[in-house]
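Here subunit A shows up in two complexes: once beside subunit B, once beside subunit C.
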Partner chain A sequence: MKNTFTQSMAWLHTWGGLIFGWLLFAIFVTGTLAVFDKELNHWMQPEIPASEVSQADAARRAISYLQTHEAQAGNWGVSLPTERSPGLRVSTAERRHGGGVQLDPHSGEAIEVRDSVGGNFFFRFHFTLDLPRNWGIFVVGALALVMLAALVTGIVIHKKIFKEFFTFRPNKGQRSWLDLHNASAVLLLPFHLMITYTGLVIFMLIYIPAGVDALFAGDSRAYFQAQGNARMEQPRGLAKQPGELVDVVPLLAQAEAALGPIAGFNIRNPNTAGARIEIRPVLGNRIALSKGQAMVFDGVSGQLLSDVTEWRAAPLTQRVMVGLHFAQFGGYPMRWLYFVCGVVSCVMIASGLVLFCVKRGRKYATASADASARRWYRLTEVCNIGFVAGLLLACVGLLWASRLLPAELAQREAWEVRAFFGVWLLALLHAGVRPARRAWVEQLGLTALLCIGLGLFGGLSDGLRQGVVACALVLGVLLGVLAWRVQQAVPAPLKGRAARSVEAGA
Partner chain B sequence: MNKAPAWLQILSRSGAALLGGYALTYAASACLARLLPLAPADAVIVATLPAFIFYTAAILWAFASRDALRAWALLAVAAPLALIGFWPQALEWLA
Partner chain C sequence: MLLAGGVLFAYAGMLGLCQGLERHYKHVWNRACPPSWRRVLRGAGWLALALSLLLCAQAWGWAMGPVAWFGVMSLAGLVLVLLLPYWPKVAVGLVLMLPAWGLLQVFA
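Up next, the complex of A and B:
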């Protein structure tokens, strides 16, 4: 591309980073928020009571509710209260995707809970960008690959990687943005590489099905059978004869002793002789992601039919890499570590985007530059504001929408998502009509106020919701300080992004 | 190719990075899966885990190579790898 290898790599880093950085920022921000998805779920559905009910009691109440209301259903699903998710939810096969019914863990009665996309929205957006799932994972996969290439090219163009570890020169305009970009990148380089690569590993056989094509002639069912993931046969004849359901509570205790904390269970063909009870652990009992694992018991005799399988070395390696990405292990200290590291990743991407404009502002934003260069520069600036500050605004906007939209609104979840994208679009338009520095200050300032204001909604009855509000408060204050700093930046040459933004707006 | 306008060069190199990179990654994973002395179910996983290292290297090659045509050399590397990976299928096809 250029004369030397380093120059080529710098070119690739700059332009690849700019064009894909806007969406990568969105992916990293929502991924960071998804670390606390269940806590956000809980905050966004204030009707769910804060409860300290044992899983055994909750399970008994769930089953007695299902016996009364859904005795004929072909499948019962129960999500038990856990540390991160205090609600008790029951569902049947027919309503599996309708979210089921929320029960009061104390009384076992159904409670009315508003529909909300919850923190799950951030999780889904993180790996699909809210596109149809199959499209989304390919788009996000391609973006992750660009991220990987940007990281590697970033290392290549870095001559003094160790020295810049300790370098930060604040209040020096372009130098400071470069230092911030370098420091945030170098300091957590292992994390950036790990989170990007393990993200790709999750769907690696969907992206690159070469091995399955070559060795299994493209037959993914044959491949999964070879992995030993075949589903257990359901006894069809027995499911026609009535049978009495065994007490689930001792089975839960048995499963908990073997697997660690339990997330919930399924009962297939309840009240028949063919009943099967599948008990699943919470995801974070070990580093390897235990998704899809369960202990299966006979629903009449209570006999253990199939235990969780031990993985061979190769699948275990993949599971551990995926588990490192999902960040379910290690409890809250690990969750916070991932959250902080995620924030640093976001800072790295955002500072790189800003650096692009700061570096070129002197050249293109002045009156002497030619018109087309100025137009492109302005477009970049608007996208930077809309995709960085605007996305943050949209995220906190979603939290506000979950509380402000009327609880009985039809298709409430769709409206929450519309609110998210609506706010984002408005932010982009706002960035387009306001001078750049004003737009940064206004959007960051509004985001800060909305974050700080989450406490106004009250309902701080339990630790989880208090945690969400406190974390939002801290982030709000930090964003407020950032907005104030942008506002204060002296509009003189070589004094930072704001200076050039003002020239651009003038 | 060196005389081509800059946007065309960029387009060509991006195409080489995306398509050539994919072809190389796919072929290398298939080849590795075929050659690894493991049970097929394990070989698939072990051969696919490093796939994105190949892809990243291919992207870097596509933009670092001396001229834009050379970027497409990725395809030339991919072809023999694919042949090894799909050797039985290739024999069947020839027969």
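Up next, the complex of A and C:
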């Protein structure tokens, strides 16, 4: 620990930022990609047609398919085509976790679609790091706390926030990296603070369960009921008598008028007198995340049984914070705002990691430095390359794997995930055996090429997939320029990362 | 259109605040900034930011608008900061898109 307050804050910022920054970068990158999770899902499953079919027609076709194939099932789930996800998917209770069956919204026939983790992988990785769910949530929560600490200590040690608010001095080595780190952090500080804090709020009951434990004696169901989230009692007797299902289309219209655009519906106990139709809105009709909310109708008479719950002030506050994090509201312009802000967050973290090495390069990477210090420096450098460039390579590698792996491969999703971690591991090894600057150039260059190359897989006739390819193209060009700049950087004293790396590699 | 206006006003606002600072004014124009002019620039900057908030609220409503406003302001500021050292005149000239947008609003 250091003497003054500012010095200890700087120490915490530097070392906390370095050690946890590698994983924080992965969390921020996958979180940024998860903004477009559904679009990526759609791109990674090219068999799903991009058809403009009204939800009413799609719903009728889904129900007639289910009547033919699953008339006896206890639950039908239907995901309707929406703006962001044009597929029509049906499932039954038994297969709720198996993904169900994709239908062609035009014909209502089942279509063969490859299994793919889709953009959902980035979403899941973002809050679990692909660890077992609860472990992951705790690890990511701890990392979010470190992120908050890094933000606050960063504000404390940055003495010229307002004086250097608009300052960026390129081509000046360490100075430029610090300027970039400061500018991306200070200008987007509202975003960084908001996204980190609201991220913690999502799982607040997992992190600090004491309140619910004390008030409800640990009975989380009682807690959810007290919030008005109680599931309606299912009428057990009626569910045994046959009944005729009401037409769902007018109900969809009624729900849409009340809730805004509709994502899909469930029918419990279909074809019985106790049938219930639950209609779910898409998540983005308001800021507060409406996950789990539905309007429930009687499946025979079509009567409205229960409306969506109005949250009380405290749950509403939490829902709004969660909604701010999930970024489902405000349509595509808002989604792009979140995406670009997320990219800047990633740049902020990466520039901080690079800055650590740039600052120490001259001292530790030269032959005169102490051998063990040199080894630690080299380890830091390898981790920087593997966790920054390597992770980006792994992400685009996952997209390639989703298209390249044979469509009928058994356990295809597991292979995709293996491809992701395999590429990441290879990148770390590659960083370990190559001189640092070469490793940066090669990994960034390869990532750029793979991003640009996504267009080769075709499927450009449909807007969503075009968007994915175009966005990857832009990111690929930017990464290409970055790789080229690293390559060109003159290895002169105080000339930035590249110079340090060359010395280290020599 | 409201959206584009919100973005342009946010950029103009950041530009005003930036040019209201001695160092950045000198960097672009190679001469010192008279104190009165500095106050005008800063005032105009804050005003433009307020107008940006108004347009964001028009586009998204008063619940979502402020969220978008923060994002738009931040990103506009970052674009300005990254443009300034490379093409200072372009960074200032971009603000001319604002009157162009205004004309479009009047005639369309």
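What we mean here is this: the second predicted complex is superposed on the first by the 506 of 506 C-alpha atoms of A that agree within 3 Å, B and C clash if a C-alpha of one lies under 4 Å from a C-alpha of the other, contacts with A are read in each partner's own complex, and residues count from 1 in each chain.
By our rule, a residue touches a chain if its C-beta (ideal position, glycine included) is under 8 Å from a C-beta of that chain, and two chains touch if they have at least 3 such contacts.
Everything quoted here is computed from the prediction, not taken from an experiment.
Student: Clash or fit: what happens to subunit B and subunit C when subunit A is overlaid?
Tutor: The answer is fit.
Student: Looking at A:V344 after the superposition, I want to know if it touches subunit B, subunit C, both of them or none. Which is it: first, second, both, neither?
Tutor: A:V344: touches subunit C, not subunit B.
Student: Touch test for A:L145: subunit B only (first), subunit C only (second), both, or neither?
Tutor: In the superposition, A:L145 touches subunit B alone.
Student: Once the structures are superposed on A, label A:G463 by its partner contacts, choosing first (subunit B), second (subunit C), both or neither.
Tutor: So A:G463 meets neither subunit B nor subunit C here.
Student: Considering only touches as defined above, state whether A:G260 meets subunit B (first), subunit C (second), both or neither.
Tutor: After superposing on A, A:G260 lies clear of both subunit B and subunit C.
Student: When both complexes are superposed, which of subunit B and subunit C contacts more residues belonging to subunit A?
Tutor: B
Student: Which partner does A:P250 contact after superposing on A: first (subunit B), second (subunit C), both, neither?
Tutor: A:P250 sits against neither subunit B nor subunit C.
Student: Measure off the angle at the C-alpha centre of subunit A toward the C-alpha centres of subunit B and subunit C in the combined model, and quote it in steps of 10°.
Tutor: Approximately 90 degrees at the subunit A centre.
Student: Report, in whole Å, the shortest distance between any C-alpha atom of subunit B and any C-alpha atom of subunit C after the two complexes are superposed.
Tutor: 19
Student: Spell out the residues on subunit C that touch subunit A in their complex, using ranges where they run on.
Tutor: Residues 3, 14, 17-18, 21, 23-24, 59-60, 63-64, 67-68, 70-72, 74-75, 77-78, 80-82, 84-86.
Student: Where on subunit B does subunit A make contact in their complex?
Tutor: Result: residues 9, 13, 18, 25-30, 32-34, 38-49, 51-52, 55-56, 59-60, 63-64, 85-86, 89 of subunit B touch subunit A.
Student: Can you list the subunit A residues touching subunit B in their complex?
Tutor: 1, 5, 8-9, 11-12, 142, 145, 148-149, 152-153, 156, 197, 200-201, 204-205, 207-208, 210-217, 223, 226-228, 312-315, 317-318, 321
Student: Show which residues of subunit A lie in contact with subunit C when the two form their complex.
Tutor: Touch residues, subunit A against subunit C: 165-170, 183-184, 187-191, 194, 286-287, 324, 329-330, 333-334, 337-338, 340-341, 344.
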